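What follows is a set of notes on a single structure, which appears directly below.
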Amino acid sequence: MQMSREIELEGHIIDSGIMTKVMDQVMDMGGNFEILVFDVGKQKTDPSYARLRIAAPTEEQLDLILSEVFRLGAHYPIVADAALVPAEGDRIVPKGFYSTTNHPTQVKVGGEWIPVEFLEMDCILVVDKEQKRACCTPLSKLKKGDLVVVGEDGVKVDYPERPREGGRFEFMHGTVSPERPSETLIEQIAREIIDIKRGGKEVVLVGGPAIIHTGGGPALAEIIRKGYIDVVLAGNALATHDIESNLFGTSLGMDIRTAKNVTGGHKHHIYAISEVMRAGSIRSAVEKGVITGGVMYECVCNKVPYVLAGSIRDDGPLPDVITDVMVAQDTMRRHLRDAGMVLMVATLLHSVAVGNCLPSQVRTICVDINPASVTKLMDRGTTQAIGVVSDAGTFFPMLAKKLDEYAKTFSV
Amino acid sequence: MQMSREIELEGHIIDSGIMTKVMDQVMDMGGNFEILVFDVGKQKTDPSYARLRIAAPTEEQLDLILSEVFRLGAHYPIVADAALVPAEGDRIVPKGFYSTTNHPTQVKVGGEWIPVEFLEMDCILVVDKEQKRACCTPLSKLKKGDLVVVGEDGVKVDYPERPREGGRFEFMHGTVSPERPSETLIEQIAREIIDIKRGGKEVVLVGGPAIIHTGGGPALAEIIRKGYIDVVLAGNALATHDIESNLFGTSLGMDIRTAKNVTGGHKHHIYAISEVMRAGSIRSAVEKGVITGGVMYECVCNKVPYVLAGSIRDDGPLPDVITDVMVAQDTMRRHLRDAGMVLMVATLLHSVAVGNCLPSQVRTICVDINPASVTKLMDRGTTQAIGVVSDAGTFFPMLAKKLDEYAKTFSV
Amino acid sequence: MQMSREIELEGHIIDSGIMTKVMDQVMDMGGNFEILVFDVGKQKTDPSYARLRIAAPTEEQLDLILSEVFRLGAHYPIVADAALVPAEGDRIVPKGFYSTTNHPTQVKVGGEWIPVEFLEMDCILVVDKEQKRACCTPLSKLKKGDLVVVGEDGVKVDYPERPREGGRFEFMHGTVSPERPSETLIEQIAREIIDIKRGGKEVVLVGGPAIIHTGGGPALAEIIRKGYIDVVLAGNALATHDIESNLFGTSLGMDIRTAKNVTGGHKHHIYAISEVMRAGSIRSAVEKGVITGGVMYECVCNKVPYVLAGSIRDDGPLPDVITDVMVAQDTMRRHLRDAGMVLMVATLLHSVAVGNCLPSQVRTICVDINPASVTKLMDRGTTQAIGVVSDAGTFFPMLAKKLDEYAKTFSV
Amino acid sequence: MQMSREIELEGHIIDSGIMTKVMDQVMDMGGNFEILVFDVGKQKTDPSYARLRIAAPTEEQLDLILSEVFRLGAHYPIVADAALVPAEGDRIVPKGFYSTTNHPTQVKVGGEWIPVEFLEMDCILVVDKEQKRACCTPLSKLKKGDLVVVGEDGVKVDYPERPREGGRFEFMHGTVSPERPSETLIEQIAREIIDIKRGGKEVVLVGGPAIIHTGGGPALAEIIRKGYIDVVLAGNALATHDIESNLFGTSLGMDIRTAKNVTGGHKHHIYAISEVMRAGSIRSAVEKGVITGGVMYECVCNKVPYVLAGSIRDDGPLPDVITDVMVAQDTMRRHLRDAGMVLMVATLLHSVAVGNCLPSQVRTICVDINPASVTKLMDRGTTQAIGVVSDAGTFFPMLAKKLDEYAKTFSV
């Protein structure tokens, strides 16, 4: 173990588990550590401080280890500026580029710590030295000549500490069990929505067409009408079946009030799209009185912005659908800027897409009938996601009821 | 195709699909058929009649084919008495024994058609010549000397015709999609429960512990209190966690009102069982005021019989649990005699067990968060089962509400 | 029942179940029927013929009923030309437009029956009177002035008859059980692939990234190298992780040979995409020796065309990805023209997308670890799909082995 | 925070995460802590030592907190003898009884630490003072007068430290993803089986009937024949379908080589049971040449003991089935005494049952097509379980191959 470097850790590093994670990481990767200083916060409000010497058999291995522990919030005692290398072409990363986490991050540029903007995971850190800005940049937007951070020097991550008392959902992290009391969880989601909105942040809904098929549409429309949702992110299918159910009472040709297939119902979604096409857009179809209710109608009437992202399996699609997925992704990103909470219901595709663009401090709740959907979302890096295994068709009516109850309780 | 025999088919054989099924079966098994007579009912109320000559290359193959088409309701034009062979030992079947379907069946004994009692699938037909009775007998109850029907002669099955107008659930047969309007389906289940009870038949609940874990317990208790359920079939776990939730507010140690694990909660189910043990039985614990609410409490107070069948994974178990599974199976069977409807919620094990003992005309509804559970139930022969993919914790509160609404509507 | 019309049915209408389906449909929709002529094929090779008078209380209801039974292959005794109405704008359908099934279809134009080209479900029938051509047209491609078939007159559907002997997979239709003998099914898929190719049709693979994550990549690459696959339809993720696994031995940062996450592995997929970006395309990266093996490599080397369709959750994406989903859909369609078989593995999104574009006679096999995926595919209209519940990581090695065995057996 | 007590922690308490867990627990439960002494092991092989003062607002709350941290391995600096209270009746626990974890545990009796025997979770600690023995006792076996440990004094738990280098499966703990490289995992299972056996411990198979239905039977039979399995725990269904497949080539009437249902196949499992009944037992049926191959056959021939536990859904059952579930549970327990590894395949019921009886140091691997099965097993307390999402029908042939490969490699 000839190679070694000193690193520092600060904050609630014991009770947040970061100290443990760092030691685990070092040893799992074949390194070793010596604790040089360890000042433990005696009371629960005291921060702790540790200095460790990390050692490894080779320079290369040491770098790999350091690269991982820096992602957990460790840093060099004296921090140099971040190294910057210009991108040699559009969408081409320099060797050794710094790949972002979705945790709050700072970069040292010109001796100063700059907070990173537009945080999301697996992106590139691009620095504008003149403007003193550092932006998280997806590969698709990297331009030739952009100054890219390489290596770990001069980057500091605030690894999220485990929240303590009053954490409404903390107990659920990392577990996805269908054996939880549904009504309790839905009540907690209702409280969280109201608290987030009172805190001045936005609540974003990400939804799939099963919301409509399972009959959850009217309750969701009511929730939007009452102002609980600030942005809707979805695809062609949710909007089409929502409009179909407004025009014909069916969803994919099935009557929502009887659950039976309706004669000629297989044409309904094509008619629905065609009618919106004739009007020019969903907004215009609402204004012309073609669409008279439902989720999209309430979005239009209540000025709730929506993004409909195209997918390879779309019929039609509706004129409002953004068929270029990279354009759709960017539009979606812009609408996530003020999100305090994202509620994902019955859509794996859009949930993973949105999860990719979220910083880890956004409350992320994923409701799906299939526990595997939440597992996949977390496998893809959205580790802050909390999974609720439930059925959209019973979830939304109960959520609407709980929102009303909690809103009332509070006003009194 | 040297070997051939004539068979007859009567009833709504075209529009019920039986004619098609018979032809399919014959040809799939390498046989052939000639239609000798085919009198089609011209109007939808008219029955049809067909006589077919079934042919096959060998006697053995012909017998195999006939054996299958007889299960669909075909029979010989002139029917001989059923052949009877005594069982050579307890639980030993004679070669060629007739294996029952779960459809209404008659046996010809002494020139007379006798209806088969206690119908369930995969059983043995035992005839009591003196009493002129024929009983469907599970292998476990077959005694040495019992007269067992062998071959297909003298047995007639009424294959269920596809129900027509007004069929509330017919559209759902054979499909298990989570994309159905939940509220609509739950309303239909509520109506069915009330109709079944008005028709003088019983409603049987088969339930698993997830009902309690997901917080569905109070709504189910209310449904029992209001008299909608006539029998409860479950296991040690449902009863234990129901009693635990009454004594401690928890289910497997998780507080149902907060969804968090409670300190010392891992002991609660053992305490719950131990308290019932001290009282002597669940009934006695209710009478002594130890248990003051919940599913089992309502069963006791409202004289709703329950069967708790033991399973290999039981803790305890409660003194009311029948630990010998064959005894439990028989007890369960007795409580299914007057069932018009069985509602199975969140338990694959008990659902398959009960499904095995049901004749096909009992309305069977299986509610589970996992669509694969219903598929398995149908794979095991309970083909009349209708699957609803939903979450017990939201299902029961909505069912309780719909039952109240429909009961009110009707009384007015 | 004042309103009535006569219709005809021909072919193996009894043993295919079509006669039954027609009668069911009429009665379920509140109509009635009288059988005027019924000539039953006495032998299994004889076709049957039926003439029915269909009646309904109102003209409108009668039209609805006829519209449905025509989809089953019924037609008027004397067939008029199809009625044609020009589309009033791009992507706007005329009222009463004929919505296609995915079964073989003919249209009567100028007294002549013309076969419909490019069949897929839920599309519009556009007729070119001069060229005497009729094309199935998705809404997105409908142009102002296109002559669209409206009503059911002059359209004839060949509803697929139930296949009889030798049907390799027929027994599986409509059921999706994980309790099937996997090795047997995989052997049958191997035989089917070889038979389809010998019959001169193409085998199309539709695949998701789980193929790579579960370690199925090398076996799939081998299958492509040996020439069993003619087209690959996938997305950015499959190609990215395949290339990542070639460059780094990892898939999403997990070492495929140890199943452990690799240090710095979270950067690998970005590096992989960036390297392809630098080369210009996947083909070019193969030619420059950057990519040296794997699924995409074998596609390039063996001239197997691939379509990579963009999705909202894409990182990068690779330069070969078609980011406009409607362009991607059209490209995909072109590659499905000669498909005799489509093998869909571990991707719900692409499976539904491809299923939408397939005529019903294309053998469609869907392999997924989750039985609900196949149910969804069938719910979306791809009723010919056969579901195999298995794990891509064990499926492909066994398929490669069975293909070799069967290919050998046959050559001898 | 008037109430407080001092506790100690020793060992690799930082890098095992125990220090973190203790602090978390205290604060989550509304308590507080002060670190009095904290000697950190400087090198990774050094143990650490901590003394903490735990405080809480009330005596009761303090007790609750201490009760939880003791389960993590903390203890009082000076440890008194465990308090013992006689059970007042059979199956009735004294108030405050100590409920066991499944981790190695010691009890202080007469000033001496005694290791607890027959460890499993949620049981009662019964001490025999004369024999100086302490046994983990399920409620069902608690007898009046048994000396039961109450409170936490004098009990010490060795909470498992997180294993470090070379841990073959550690990376998988707590995650159940279908996106793992199947072949790699199966190879690791093969190595583990061989290593466990070389270490002189037993490998126990817990299996469900889907092993037979999916065609995994022959490979499992081969694995048993080659001596890799020491005990088989299953139910009536696995044995019945295994014997059915030997006698008739079918499983639940489906031909395993063609995947098609066989005429008369619905009778096969009844015949199979009846034939064993005639022989008297499975062993006797093997000896008489009735059963000539398969899983049960290899068990008999290779003297591998098996326990067939009855369940409420059993047909028959076979004469070898233990129909009283509490007797079956005890028999199972006895066969788990020397288990070093338990391989659970395709059976949730038996997996949970066996999991309940295992100490946490037994390697526990659960293979199921449904990721939710493993989640449930872990929810029920078998937290050491490692989940592999795969299909029994492809899993066993690959496992057989890998076992052979690894066994060969090693012998050379």
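Labels for the chains are A, B, C and D, by order of writing; each one numbers its residues from 1.
Methods note: a contact is a pair of C-beta atoms (placed from the backbone, for glycine too) under 8 Å apart; a residue touches a chain by one contact, two chains touch by 3 or more.
By chain, with names taken from UniProt: A, B, C, D = Ornithine cyclodeaminase.
Predicted, not measured: the structure shown is a model, and the values here were computed from it.
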Most remote chain, CA-based centroid, reference being subunit C (Ornithine cyclodeaminase): D
Repeat of the A-D interface, chosen from A-B, B-C or B-D (over half of contact pairs identical by residue number): B-C
Interface with more contacting C-beta pairs, comparing A-C to C-D: A-C
Copies subunit A (Ornithine cyclodeaminase) and subunit B (Ornithine cyclodeaminase) touch via same or different residues, half shared test: same
Cα-centroid distance, subunit B (Ornithine cyclodeaminase) relative to subunit C (Ornithine cyclodeaminase), in whole angstrom: 37
Whole-Å separation of chain centres (CA-atom averages), subunit C (Ornithine cyclodeaminase) against subunit D (Ornithine cyclodeaminase): 45
Distance from subunit C (Ornithine cyclodeaminase) to subunit A (Ornithine cyclodeaminase) - Cα centre to Cα centre, in angstrom: 33
Multi-chain contact residues (two or more partners), subunit C (Ornithine cyclodeaminase): 178-179, 252, 370, 372, 379
Parts of subunit B (Ornithine cyclodeaminase) lying in touch with subunit C (Ornithine cyclodeaminase), wherever the complex brings them together: 14-17, 19-20, 23-24, 27-28, 30, 32-35, 38, 40, 42-44, 162, 164-165, 174-179, 371-372, 375-376, 379
Residue ranges of subunit D (Ornithine cyclodeaminase) touching subunit C (Ornithine cyclodeaminase) (in the complex, touch as defined): 171-172, 178-186, 188, 210, 213-216, 251-252, 254, 256-261, 369-370, 389-395, 397-398
For the subunit B (Ornithine cyclodeaminase) and subunit D (Ornithine cyclodeaminase) complex, residues of the former touching the latter: 29, 64-65, 67-68, 89-93, 97, 99, 121-122, 124, 138-140, 235, 252, 263-264, 266-267, 269-271, 273-274, 277-278, 309-317, 323-329, 332, 348-350, 352-353, 356, 370, 372, 379-381
